[in-house]
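Questions regarding the structure given below will be posed in turn.
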Amino acid sequence: MSLALLYGLAGIALVAMGLYAALAARHVLRRLLGLNVLGSGVFMMLVALASRTTGIATRPDPVPHAMVLTGIVVAVSATALGLALLRRMHAHDGSPRLPEDRDAGSP
Amino acid sequence: MPEWMTPALWIAAAAVLGTIALGLVRVERGPSNGDRMLAAQLLGTGAVAVLLLLARATDAPALLDVALVLALLACVAGAVFVRRIGVQPPERDEGRGPTRATEDGS
Amino acid sequence: MAAEVQVFDAVLVVLLLWLGWRALASADLFKAVVQFIVFGLLLSLAWVRLGAPDVALAEAAIGAGLAGALLLDTLARLGRSGAADEARPLGLTPARTGIALAALGLAALLVASALALPERWPGLAEPALQQLRASGVSNPVTATLLNYRAWDTLLEVGVLMLAVLGVWILEAEPALPRPAPDPMLGLLLRVLLPLTVIVAGYLLWVGAHAPGGAFQGAALLAAGGVLWHLARPLSLGPSPVVRAVVVLGFAVFLAVGVATAVLGGGLLTFPPEHAGAIILVIEAAAMLSIALIMVALFVGRERAPSDAGIPDSAADASAVPGAPNPGAAP
Amino acid sequence: MTGSAALVTVLVVPLAGAVAALLAGRRGAVAAGLLTSALGVAAAFVLAGAVLAGGMQRVAVGGWAVPLGIELRADGLAAAMLLMTAVIGAGIAVYAWRYFGAAGHHDPHDLAAGPPGPAGKAAPASTQWLFWPVWLLAWGALNALYLSGDLFNLYVTLELLGLAAVALVALAGAGAAAAALRYLLLTLLGSMLYILGVELLYAAHQTMDLLQLRERLQPGLSVWLAAALMTTGLLVKTAIFPLHFWLPPAHGSAPAPVSAALSALVVKAGFYLLARLWLDLFGALPGAGVVPALLGALGACAVLWGGVQALRQTRLKAMIAYSTVAQLGYLMIALLLASGAGGAAAGAAGGAMHAGRDPGLPPTGGFVGKFALVEAAVRAGAWWAVAVVLAGSLLAAAFLFHALSRAFADAPADKTSAEVPAAPQLAALALALVAVALAAAGEPLRRLLTVGAAT
């Protein structure tokens, strides 16, 4: 098994976990964590892909690295905005969940 | 660098990673939030050690910069924790969420 | 860089997967966040192993430092009731079985397509390395970010700017009760702040030929800013000075784009002999802006605290969070 | 001005306007916004003229050839979308000038007319002016999206647009936080699925340029998976039935100009990208004809479902939000027809309908587009599409009548139908006139749309 394949498969597993959590969780913070793990999995697949060039060129493909850098920065800014919105929603509605996920007895 | 050095560095790196795995038990078990945070801080130090070993083993000096950044920043989460959440003894309903230094002071 | 699989890699992957799952499934959200922070730490080791030290630097600064700070701050503001979740937050219910099957199905399809890919591939490594001489820098990732695909990066600085505009649009939050001044924090700040500034400058400079660059430097500076805010609360509302710094990176980048389009070359076409200097100017401006944006994202907008106890520090009246007219510069 | 200069100008104007608006602050933002709108419309017209005269315009950013660099391309469809976005954007700017201008100057009349729906009080007046930089960035993102020929660059423009839309929804105040948050989560999920697809395509073909990919495309599992992931991601962002559920709350609670911007422009960007992908890129795959048919069927469901739901709403904005769901359905039907026979005509139909969407006037603009759509459907022999369009029109007429009767019957009691200041009415009227003019100018528009259209 090559290094790229090992980490690529790990990335796929992270994608599946993150997707499940982003859709199944009800607390918005947990959904955001899910999206972040999903993103990490996507980026890991991409970087693993780039590392397959070793042997042909002297260094890994820099284009996916640049894409992942862009993606990480976008993800953290979107997460920050999401957290700020979550705090406003909690302050206004008294619940950290989206309206459709709220039920009578729970916070 | 002598011939045997590289495998030795790799073994050392794997061993430090093993101690990180042990530290994760403390994060998982707690019992207090302070224990978890402190364990995470310790793991940051472990990651720095791993990076330094890898930098020698793979002859990639750039990894020293990564270690430097990690060493500088590992304390930020800890500082946020101390200022915003605070270390408190484990509560009766432990594991039900974080506690604030002073509840509802505004 | 050694590309063989080591025992190390197997251990790292197992830890990553376990942590990734625990960061999502721990019932206690505080525990989940701590596990997410450690996940970020280990992720930067994974980037190192995959030969992506630039990404590892950014992950170390953003994933382990800033994202953790943001998440912990939000947990504190949500309070005990807001941070509570179900006992089995991701436990299988009939409704979730469908989601789980969809996620597993996607994973299976992804594995099948990953296995079908060739073991080695050219990617764009060759053209990217061949053009390096004309790009003005010798680090291929910096060349890609700021020359080959500079248009992406320009828009991305805009994304960061939008995040902070979105936070400004929201209503101010109640201020957190302020803990007593902490001598340890002051000491930490005095030691770390100069170091973060120096290392950020170093990363910016070294980015031209080695891993590093504006994002990494900015994330480091931002971490210093977060520490500062913890010790001496800042107010980073949309005051003229803050706005000017926030917009600086995007404006300089765009101005360079317009200048290159008007003066010849074409949109963002840098003449090779000046490319290095142009890239450094753009990166320096972008680093300042991104650092301030990240600190502003952490600081958010707070209403004036009910207790008027302003700490001893240099933070004078103009720095009271959420002062009526947010015209106060830090 | 050459075509490529016009292309760069179209991109730079809104972005520079956003910088100016942010620097100018509360007092100057309006002026910056209006000036930018005027310049943007002019630039879009120049570019459309250049495309009409000289064919597809290309700019290689940074002078790097694909696949290493990014190429920006203006074909007929892109030029038409840019033009319509500029015109609608100018209308929105005029509308917003009065709407948000009011909050800053404490004009009691406007305060009575302007404020947001029942969801809660608006964001503090001191930040309302941030509408301008955010909206101009959204416009810049739209223009960049129409012109981009690179799959990863499209991802960045989608993120820029998505965050701008979230910030715009959040302008409605704390009550809209849940709607903004839902939209943020979905738009992030959509982008992640999209980027996963891009990654698979890049892995197999070593390029992210649309035209180059089209040549190199090797049918196989990974390509189909990529197509499915990207389509799903865009469907979430486009609010196509049955993934439309986030749209009515988000639009219903937003301030009126924002609601107009969102329903007329932002969700349609996802649709535009879907059309690009399926007409330009994946259309060549064997068996790909099924997919537009599926999307068309979803569109038909959306038309009927959106119409019925709109009829059931009691609030005007909620009604408009559901009618947007229905409008998107028409666009999906147009996409299906465009993929088959009569492509240009159906494209024109989609374009006209796109231009005609305005919260003040759901039926007027819709009529022009629907007429062209029926024409295309008849020509293609798609009688089911004719039936759906007619049924949808009946529903639209019904809910419009419903709304008007309420407005006349109990105007004082109904907050949303209170007297509207003159500028918004003028803006709405101007947009309606544009829609009519589009119908009259159908022939040049059709010619424009055929420039560079993939066959």
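By letter and in written order, the chains are A, B, C and D; residue numbering begins at 1 in each of them.
As a working rule, a residue touches a chain if its C-beta (ideal position, glycine included) is under 8 Å from a C-beta of that chain, and two chains touch if they have at least 3 such contacts.
In this text the structure is predicted, and so the values were computed from the model without any measurement.
S.K.: In terms of touching chains, how many steps apart are chain B and chain C, taking the shortest path?
M.R.: When the steps are counted carefully, the minimum from chain B to chain C is 1.
S.K.: Would you identify the chain whose Cα-based centre sits farthest away from the centre of chain B?
M.R.: With centres defined by C-alpha atoms, farthest from chain B sits D.
S.K.: In terms of C-beta pairs in contact, which two chains are most connected?
M.R.: Chain pair with the maximum contact count: A-C.
S.K.: Return the distance between the CA-based centres of chain A and chain B, expressed in whole Å.
M.R.: Going by mean C-alpha positions, chain A sits 21 Å from chain B.
S.K.: Could you give the separation in Å between the centres of chain B and chain D, each centre being the mean of its C-alpha atoms?
M.R.: Spacing between the chain centres: roughly 46 Å.
S.K.: When the centre of a chain is set as the mean of its C-alpha atoms, what distance in Å lies between chain C and chain D?
M.R.: Roughly 30 Å separates the two chain centres.
S.K.: Taking each chain's centre as its mean C-alpha position, how far apart are chain A and chain C in Å?
M.R.: The separation of the two C-alpha centroids amounts to 14 Å.
S.K.: Check each residue of chain D and list the ones that touch at least two other chains.
M.R.: 68, 152, 156, 159, 163, 166-167, 170, 174, 177, 196, 203 - these are the residues of chain D that touch more than one other chain.
S.K.: In chain C, what residues contact two or more other chains?
M.R.: 1, 29, 49, 66, 73, 75, 77, 83-85, 110, 117, 121-124, 128, 148-149, 152, 156, 159, 162-163, 166, 170-171, 174
S.K.: Provide the list of chain B residues touching at least two other chains, using ranges where the numbers run on.
M.R.: If we look for residues of chain B contacting two or more partner chains, we find none.
S.K.: Would you please name all pairs of chains that touch?
M.R.: Every touching chain pair, ordered by label, is A-C, A-D, B-C, C-D.
S.K.: Show me the residue ranges of chain B that touch chain C in the complex, using the header's touch definition.
M.R.: Touch residues, chain B against chain C: 10, 13-14, 17-18, 20-21, 24, 27-28, 30, 33, 36-37, 39-40, 43-44, 47, 50-51, 54, 57-58, 60, 62-63, 65-66, 68-70, 72-77, 79-86, 95-106.
S.K.: Can you list the chain C residues touching chain A in their complex?
M.R.: Touching chain A: residues 1, 3-5, 9-10, 13, 16-17, 20-21, 23-25, 29, 32-33, 36, 39, 43, 46-47, 49-52, 54-55, 58-59, 62-63, 66-67, 70-71, 73-75, 77-78, 81-86, 89-90, 96, 99-100, 102-104, 106-107, 110-111, 114, 117-126, 128-129, 140-141, 143-145, 148-149, 152-153, 156, 159-160, 162-164, 166-167, 170-171, 173-174, 215, 290, 293-294, 297-298, 300 of chain C.
S.K.: What residues on chain A touch chain C, complex-wise?
M.R.: 1-10, 12-21, 23-27, 29-30, 33-34, 36-37, 40-41, 43-45, 47-70, 72-74, 76-81, 83-88, 90-91, 95-96, 106-107
S.K.: In the complex formed with chain C, which residues of chain D make contact?
M.R.: Residues 4-5, 8, 11-12, 15-16, 18-19, 22-23, 25, 59-64, 67-70, 72, 123-124, 126-127, 130, 133-134, 137, 140-141, 144, 152-153, 156-157, 159-160, 163-164, 166-167, 170-171, 173-174, 177, 196, 200, 203-204, 206-207, 220-222, 225 of chain D touch chain C in their complex.
S.K.: Per the contact definition, I'd like the list of chain A residues that touch chain D in the complex.
M.R.: Residue positions touching the partner: 15, 22-23, 28, 31-32, 35, 38-39, 42, 45-46, 49, 63-64, 67, 70-71, 74, 77-78, 81-82, 85-86, 88-89, 91-93, 98-99.
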